[in-house]
Amino acid sequence: MIALLIRDLRLAVRAGGGFGLGLAFFLIVIVLVPFGVGPEAAVLTRIAPGILWVAALLAALLSLDRIFALDFEDGSLALLATSPLPLEGVALVKALAHWITTGLPLTLAAPVLGFLLNLDGPAYPWLLASLALGTPALSMIGAFGAALTVGLRRGGLLLSLLVLPLYVPTLIFGAEVVRRGAEGMPVTTPLLMLAGITVGGFALLPFAAAAALRVNLR
Amino acid sequence: MLTVTDLACARGGVPVLSGVSFAVPAGGVLILRGPNGVGKTTLLRTLAGLQPALSGTVDFPEDQGAYASHADGVKATLTVTENLTFWAQVHGSRMPDDILATFDLETLRDRMAGTLSAGQKRRLGLARLGVIGRKVLFLDEPTVSLDAFSVRLFADFLRDRHLAQGGLAVIATHIDLGIDAPELDLTPFKAGPQTTGGSDEAFL
Amino acid sequence: MSIWEYANPKKFMGWTAPLVPWLFGLAGACLIVGLVWGFFLTPDDYKQGSTVKIIYLHVPSALMAINAWFMMLIASLIWLVRRHHVSALAAKAAAPVGVVMTLIALFTGAVWGQPMWGTWWAWDPRLTSFLILFLFYLGYIALWAAIEDPDTAADLTSVLCIVGSVFAVLSRYAVNFWNQGLHQGASLSMDKADHVANVFYIPLLVCIAGFVLLFIALVLLRTRTEIRVRRMSALIARTRPTEVTT
């Protein structure tokens, strides 16, 4: 399984763009927001937590369809299915690789973009914490959606339609952590819920994803 | 040892083959013949466990099956060695030192697979079979886009390395591999319109 | 004879055929009685005036919007465990009916909310939850539509329905946490003191019965259509052998 993780990371790095594209998209969305709502600092401060979370979520969404599609097309997935690795493990590792190549860079870049939106000082640690805890869930839920749509020729759009409603709880709790952090309110409840979604997602969704992959490989 | 008993399989929910029975001993090869669309690919995928059989049994030692088709999982942005090492690691086996030589890939070992020609890529895909250490191979048109020289390389590998060590193979192919092996024509097993089974049967 | 015998497509077609017109008739009767009674024969609410009468459409449709998804969940589980085709097709048939119910609930909610809260839409937890439910329905229907092989589609949509149900419950909780709402309390509850007064209550029950019957009738009708479609494609596939290799 470690071999698969290393291979996926290597492929992501060598394919170029994989890393950068999501980040660039994140940056552009954040830059566009003030053009839409006006440069007023107070307004930006107010909406910053939500915008940062929504933008990170959309950036993570961009590369979801590549989680399984490339391996499906060149036959690797069928070969992995007949290998000693359980498909559940394959799904989990691929979600993890997706997080390392998108969720992690997004998390690290978010504080910098927080400055652009005039995010309140106390919110920064909570922005980092909530993204670090929440983006793995985005990757795992996305991997499940990608497994459902892997056999479809134009699955990309459908994938977004399927995955975005599933992102609602993660988004709500994630943004709530930052908002409460900014106002100095206690953040324990949403933070725990966020962690719960991530842990529960990684515990259960690999099974659903593997089931979907098996059906699609049939 | 591979034993197939009264196997029926379907494509898209419709039965294509029924009553397929054969046995391949260790060290043996079975060549599947039949016109396009008769169900060679479907049979091989069913044997490899990628799709469920409608009825009948497939019996071979557990965790010894391997499937290969024209989509051979070669990653363009990995080197030849990296591609093979990955599959060796996934299968928990060690890569034989001479496998690159067997498939005439030695001079290409550090080239990105994406820069290889179609035939070279195909040889790399087939070299995977020598790396994963599986005994029961299900091969779907393994020689597509190989020249005569490469076909001979592959046949030599199969005969001298795989079969000699007690492996066996079921191969769908239209050409003569130069291996002395029994052939099975699938045409007589073609499922008729009245064949039972298939996911749509309940509606008929 | 086991109860599952009735799930055989041929048997199902047999026993549902005489049932469908009766169900439609009963549903129509209940709806006419319930709506006429509710609209014209009940007093106006002392606070909300005659606006309250939209409750006779709003509450039943909202109930059925949720129950339709619940029915799809059960049908999906039955398909995954027992592989009865009728079950998968019934889930497929129920989805568009559920969407329409959700839309009716959202629309009547907006119409009711306008005079009461002074706005067509508010990000109230209940409204938001229904909007999310609507999105779940859309995704489910789109997945059915996108996959050609019917059994693959049934398998994948069933998995989506199960995972979606978990996330729908999670969303409901999250949305509650996110915003406490304007919405009035539940119209129906076991606690007598809580729910709406009896004058409104009985015609409301009649309306709900009408919606339930209408839902069952529509789902049966649509399932029968789906079975006929499957039967036709099965016959075509068997009579004309395909010449493609996959």
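The letters A, B and C name the chains in turn, as written, and every chain counts its residues from 1.
The rule is simple: contacts are C-beta pairs under 8 Å (C-beta built on N, C-alpha and C of every residue); 3 or more make two chains touch, one makes a residue touch a chain.
For clarity, every value in this text was computed on a predicted model and none was experimentally measured.
Ranked by how close its mean Cα position lies to the mean of all protein Cα atoms, the top chain is A. A centroid comparison over C-alpha atoms places C as the chain most distant from chain B.
If you compare B-C with A-B, the chain pair joined by more contacting C-beta pairs is A-B.
Note: centroid distance chain A to chain C, computed from Cα atoms, is 32 Å. Chain B and chain C have centres, each the mean of its CA atoms, that are 48 Å apart.
Note on chain placement: the centre of chain A and the centre of chain B lie 37 Å apart, centres being C-alpha means.
Within chain C, no positions touching two or more other chains are listed. Under the contact definition stated at the top, the residues of chain A that touch 2 or more other chains are 218. Within the complex formed with chain B, the residues of chain A that make contact are 3-4, 7, 10-11, 14-15, 71, 73-76, 78-85, 217-218.
For chain B in complex with chain A, the touching residues are 48-52, 63, 65-75, 77-78, 82, 86-87, 89-92, 128, 132. Touching chain A in their complex are the following residues of chain C: 132, 135-136, 138-139, 142-143, 146-147, 152, 155-156, 159-160, 162-164, 167, 170-171, 173-175, 177-178.
Residue ranges on chain C touching chain B, taken from their complex, read 8-10, 85, 149-151, 227, 230-231, 233-235, 237-239, 241-246. Of all residues in chain B, only 11-14, 36-37, 40-42, 193, 199-204 touch chain C in the complex they form.
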